[in-house]
Amino acid sequence: MSEPVARTRPPYIAVIGDGDPRGPDSNRILEWAEEVGQDLARGGAVVVTGGLGGVMRAASRGAAGVGGETIGILPGADPAEANEFVRTPIATGLGVARNLVVVTSSDAVVAVGGKHGTLSEIGLALRMGRSVVALSSWRVESEGRLGGPRIHRARDPREAAALALRLAREGPQQPT
Amino acid sequence: MSEPVARTRPPYIAVIGDGDPRGPDSNRILEWAEEVGQDLARGGAVVVTGGLGGVMRAASRGAAGVGGETIGILPGADPAEANEFVRTPIATGLGVARNLVVVTSSDAVVAVGGKHGTLSEIGLALRMGRSVVALSSWRVESEGRLGGPRIHRARDPREAAALALRLAREGPQQPT
Amino acid sequence: MSEPVARTRPPYIAVIGDGDPRGPDSNRILEWAEEVGQDLARGGAVVVTGGLGGVMRAASRGAAGVGGETIGILPGADPAEANEFVRTPIATGLGVARNLVVVTSSDAVVAVGGKHGTLSEIGLALRMGRSVVALSSWRVESEGRLGGPRIHRARDPREAAALALRLAREGPQQPT
Amino acid sequence: MSEPVARTRPPYIAVIGDGDPRGPDSNRILEWAEEVGQDLARGGAVVVTGGLGGVMRAASRGAAGVGGETIGILPGADPAEANEFVRTPIATGLGVARNLVVVTSSDAVVAVGGKHGTLSEIGLALRMGRSVVALSSWRVESEGRLGGPRIHRARDPREAAALALRLAREGPQQPT
């Protein structure tokens, strides 16, 4: 009677970045995040963010503006802290540890700009087998050679979204 | 342009309980969980569970069967572990610590039966200011007198769902 | 050359309870917590707490006063938040989720008084297979019959410490 | 009567890296980790690790061999999983989320080699305001300019330990 729903799950793609970008690049970063959110939603993805301001709000706004689904994984205990473009707020009460949930709940991750919190999410994403697309974000190089998921660099929002949609469809790699 | 979505958020209500109930009561427990899920969805709530089997699956099935929204907060890193009635799986990678997210992301909690994991979720719910409705579940008494959220006992699924919907609308209490 | 150290590990026993007890019973609760800490340390246990005030500070003070080892598992990121009787502070940055670490890092748990946070730790302890000794604390009853670890009631600090030392030596039960 | 103990806390320094290094460099990495542990302990630091094998075991072995204190923050629930050079095992039950506790409980962090888990710990350390010393480890560059804690590169174990001891004494920076 009750029809299963999970089989048709769309790709979940996280957009991570600074919650309060400043400096000369901040407008470009926010515009890019909004375009990434828009393109991801147009491509059929659910956009996952940390639910707060800055890049998180811009990406959610982009996705919501074209009718996309948005999930916000909040650090605090109050769902009302989510920005107004988050459709499904998940209040975790975990503080910084919620960063792990943002990336683990997603099939791929796009980093737009970002500070140390973003770097930690990039590391956690790779650790959990999720590939990362970096747009004007951290450059990270290992001294050794590592298999598994990796960081792909994109030149603009369109390329970032297209890459992430493709990587999400390939599914997670093995955690490493 | 982009229209805010969060203002109209429906109540989120968690249904918690045994992932693999056994013994003479197990059929009744699963039927009750399904009815609770159904009534919560009919009342307009999003049903949040831990996303796995037993009571979690029964409650999700009840909600999905009447067209309701279902969220599954999973302990592992693979969204495919969610039961087939979860519409929005959140893979946390947190193990047991995901119990905190199940209750914190909800406005009220219904416990149907349950073992030690359920007791921990009841405690965490109260700690986070969420009221709990107990249906054939733990009896818990403090030696002192405590203010804040409390455990309400219900006699049947209908009463449990009605109580939870009312408590969720009152909103969370102060964490204690 | 380097000699292994872990083989001779003493029992780790958590003392949990209210961080700021008030009301007519509060003096008795704090005295009892201090006596429990003292007896546990005399019995050779390392005393684990949440590292803050109230029952946590009293138990640490009792243990430190007789030369015992004390560990404080803090919710915040600053080890200086530990009370002055904690020898080994572990700043977790986890907020409420640190409750899981307090009980999981211990072989047995003594609850002295306590509010909702303590109830959540009792539930988490049982869930992780750790037995609990309750001293003037929560009364908890399941409607069904459960195997595995359980809550033992003690009448005074001496009995609580003796019970906990015995339970810790029996080792953890299976998580349930 | 009871004498405060926390005031004289020694620096806590985490050594992070691969739990199972392979390939041509693995012997050098393990030797370096052991030397770092040794030098940190000689310098008066408590050595914090994730408590398991590879770099974690080598660093603990180095510290224990010169009489130093060692703490192991374990992902699982069983303290017996700690390597034999961990004096104080903290079983967290948190899985990958224990990485946050490893770095937050420390005043500074030394990364020796390492894969994606190590990168996540470097990011989390910086996020929590802890400075990082990298020895044959990740190269990480932001496109923007960031204040706060940073990654210092060391050429050999001696330099890494000396740098970390100095950074730990300066104390944590502001989380960013």
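For clarity, chains are labelled A, B, C and D in written order, and residue numbers in each chain start from 1.
In this section, a residue touches a chain if its C-beta (ideal position, glycine included) is under 8 Å from a C-beta of that chain, and two chains touch if they have at least 3 such contacts.
Computed from a predicted structure; not experimentally measured.
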Furthest chain, CA centroid comparison against subunit C: A
Interface residue overlap between copies subunit A and subunit D, same or different (over half shared): same
Where subunit C and subunit D are represented by their mean Cα positions, the distance between them in whole Å: 27
Rounded Å distance between subunit A and subunit C, as computed from the means of their C-alpha atoms: 39
Residue numbers of subunit D (touch at least two other chains): 93-94, 96-97, 100, 128
Complex contact set, residues of subunit A against subunit D: 23, 25, 96-97, 99-100, 113-124, 126-128, 136-146, 148-149, 176
In the complex, subunit A residues that touch subunit B: 1-7, 9, 12, 61-62, 64-65, 70-71, 73, 77-80, 82-94, 97, 100-101, 104-105, 128-129, 172, 175
Interfacial residue positions of subunit D with respect to subunit B in the complex: 93-97
